[in-house]
Amino acid sequence: METHRLEAFSDGVLAVIITIMVLELKVPEGHTLHDAVATTGQSMLTYLLSFIFIGIYWNNHHHMFQLIRRVDGKTLWANLHLLFWLSLIPFTTAWMDESRFARTPVMTYGVNLLTAAVAYFVLQLSATAAEGPDSSLRRALGTDVKGKLSPVLYLVGIAAAAINVWVGISLFVVVAIIWLVPDKRMERFLAEHSINE
Amino acid sequence: METHRLEAFSDGVLAVIITIMVLELKVPEGHTLHDAVATTGQSMLTYLLSFIFIGIYWNNHHHMFQLIRRVDGKTLWANLHLLFWLSLIPFTTAWMDESRFARTPVMTYGVNLLTAAVAYFVLQLSATAAEGPDSSLRRALGTDVKGKLSPVLYLVGIAAAAINVWVGISLFVVVAIIWLVPDKRMERFLAEHSINE
Amino acid sequence: METHRLEAFSDGVLAVIITIMVLELKVPEGHTLHDAVATTGQSMLTYLLSFIFIGIYWNNHHHMFQLIRRVDGKTLWANLHLLFWLSLIPFTTAWMDESRFARTPVMTYGVNLLTAAVAYFVLQLSATAAEGPDSSLRRALGTDVKGKLSPVLYLVGIAAAAINVWVGISLFVVVAIIWLVPDKRMERFLAEHSINE
Amino acid sequence: METHRLEAFSDGVLAVIITIMVLELKVPEGHTLHDAVATTGQSMLTYLLSFIFIGIYWNNHHHMFQLIRRVDGKTLWANLHLLFWLSLIPFTTAWMDESRFARTPVMTYGVNLLTAAVAYFVLQLSATAAEGPDSSLRRALGTDVKGKLSPVLYLVGIAAAAINVWVGISLFVVVAIIWLVPDKRMERFLAEHSINE
C-alpha cells in the first residue's frame, strides 16, 4: 500500500493532539499580568514542552516517510501504536501540570515519552523491514545515535525524577533540544541521491 | 467521482474521533500511582478498547479504498452513515465507563459497535455495486468471513451482556482481536495483481 | 490557484465541526435505557439533524469542486465565509437543544441554516465567475432549483417557528430530505462528459 | 523535501484552531434574543475577529506555498513556530473576552497577534532562503509593504491599548481589514508567469 493515507491520518491525529492541549490552558483568574503568570505561567511552559515533543515526532515522521515507498498492514498498526502513546501526551501533561510537578506525575510523563520513543523505534523497524535491508531508509538512518540515545536519557530522567523532579525534567528537555536540531541524515541523503518524491 | 476527498474527509473525522476520547480522560485525583490507577485506570482501558476499534475501522477503510477507483453519491452517504455511528463511540464509551460497566451502558456500547459494523457492510455493498460484480474489490473480499462473523459476535455479546456484562465485553474484545490481525486479503490481492494506485 | 488546499482545509474544518458536536452529548444521568432516552434522547436527535446538514454541505461542496479547476482569492474568502456560518452550527444546535426547542433558539437555528445556504450560494457565484459563463460548473448547475428553493423554505420555516416551533423544524427537516437525495446533476454531467479529475 | 505534508499538517492544525474557538462560545443563558445578545454577543464578535485572523493566516500561507517547491528542516520548524503562536489565539481570545476587554488581556491578545506576525515573517525568510534570491517567491513578494506594516500597527495597537483598549482593538481590526483584501501579488505573479503547480 502507498503511504499517502497513513501520512494524512497521522497528520490529522497529530494536528488534533497538538491543538487540544490548548483547551487545557485555563483562562487566567484576574486581569493583570501578575495574575496570568501566577495562574497559567506554568501551564504555558508545560504546553510549550509538549508542543515541541509532538512537533519533533511530526518532523521525524515526515522525514522517515520521505524515504518509504510502500507500507504493509503491520506498519499501519505500528503507526497506530505510536499515535496511541502520543495521544496520551495531553493527558500526562495535564496531570503533571495540575500536580505542580509532583513526583509520580512527572515520572508518568517521562514514561509516556519513553513509550512513544519505543513505539517510534518499532515503527522504524517495521517500515525498514518492509523496505528491505538495502533500502534508502536503512542507509539514511545510519547508526541512528539519537534514536538509541533518547530512550536511555528518558530512562535516566525517569529514575532521576524519583529523587528530584527537576533533574528528571531537565533530562527530558535535553532530549527535546537534541531533536530540535533537525535530522540532517534524511535531508543529506535526499540531497546526495536527489530522490524525487 | 474520485475517492480522494472521501478518504481525506474520513481520515479527518476518524482522527478527531480517536483523539477527542482523550478529553474524556479526567486528570487523576491525587498524585500517587495508586490514585491514578484507582481514578483513571478503568477509563484508560475503555479508551484503549475504543482506540483499537476506531483503528480497525480506519485500517479496513484504508484497505477497502485501495481497491476502489470511483464513488457515486450513494457511496458518499454510505460513508457518512458509517462515520455517524463511529462518531457516537466516544459518547457510548464515556457512558459505559462512567457507569462502571452497568448493564444497559455496556449493551448500548455493543449496539454502537453493531451499528457501525452494519454501516461498514452497507458501505462495502455500495462501493462494490458501483465497481461492478467483477471488480477487484469484490474478488479480493472473497467470502468475507470476518465481515459476516463480527455482527453475529456483537449480537451474541449484547445478549450475553444482559446476563453478565463481562461475558459481553469479552466477546467485543474477541472481535477486536480477530480484526487486529490485518486483513491479508487486500494485501495479498494487491501483491498478486501488482495494482498500482 | 489549484483547489486542492481549499478542499483539504474545508474537509478539516467540516470534520472537526461534525465531530465536536458529539462533545455536547452529555453522558446520560442514570444507567437505564429510560434514563438515557429521558436525558439524552432529544440531544441525539438534534445531533443527528445537524450531522446530516453538515454532511449535505460536505457532499455538495465535494460535488461542486469536482467541476472547478482554479480558484482566486475571492473564492478562498467566500469559502471561509461559508465555513464561518457552518462553524456556528454546533453552537446554535446546543442552544436549541438546551432550551428544549424554545422559540427564539429554534428561529436562531433556522437563521444559521439560512446564512449557511446564502454563503454557499455566494461561493457558487464566486466559483462560477472565476470559471466563466461557459464553464462545466455553470452548465451542470442548470436551473439550480434546490439551491434556490432551500433559502425560501428556511425563511418560511423561521417565520413558521415564530408561531409553532414544530412546523418550523419540520420545514428544516424537509430541506434536509430534499438534499439527502444526492445532487445527480453533477454526477450526470460528469458521466455524460466523462470528465476525469 | 516536498511541501505537501507541511501544507496538510498546517491545514489540520489551523482547521482545529479555527473550530475549537466555537467550544468557547457558551450557550446563552435564557431563551430570548435579548438574553443571547447580553450573554454571548460579545463572545461572538471576538470569535469573528479571531476567525478572520486565522483565516488570513491560512490564506497567506496558502498563497506563499503556491510558490515554494522545496522545504528544509529549518522551514519545518519555522512553520511549527508559527503554528505554536496561532494555537494560542483561542486562549488569548478567551481571556480577552472573559475579562470584558480589560487592559492586560487586550494587550496580551495584541502581543499574540504580533508574535504570530513575526513568526510568519521568519517563515517567509526561511522559505525564501531555501528557494534562493531569484526565486519566484522572492520576486512575487516585492517590497512586502503589508508584511512590514502589520507588526508596526500591532506594536502601536498594543501601546495604545495601554491607554485606551478600544483604540488598540481598532488598530488590530485595521490590520485585519488590510489583509482581508487578498494578496494580489501572488495571484498576479502566478497569472503573469502562468506557473502551473
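Labels for the chains are A, B, C and D, by order of writing; each one numbers its residues from 1.
Methods note: contacts are C-beta pairs under 8 Å (C-beta built on N, C-alpha and C of every residue); 3 or more make two chains touch, one makes a residue touch a chain.
Just so it is clear, the structure is predicted and the values come from calculations on it, not from any experiment.
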Equivalent interface positions on chain B and chain C, same or different at half: different
Longest centre-to-centre distance from chain C, chain (CA-based): A
Copies chain A and chain D - rotation angle from C-alpha fit, nearest 5 degrees: 90
Distance from chain D to chain C - Cα centre to Cα centre, in angstrom: 26
Whole-Å separation of chain centres (CA-atom averages), chain A against chain C: 37
Numbers and ranges of chain B residues touching at least 2 other chains: 8, 12, 15-16, 20, 23
Complex contacts: residues of chain D adjacent to chain A: 1-2, 5-6, 8-9, 12-13, 15-17, 20, 23, 72-74, 76-77, 80, 83-84, 87-88, 90-91, 94-95, 98-99, 102-105, 108
Interface residues, chain C side, partner chain B - complex: 7-8, 11-12, 14-16, 18-20, 22-23, 25, 27-28, 31-33, 36, 48, 51, 55, 58-59, 62-63, 65-66, 180, 182-184, 187, 190, 197
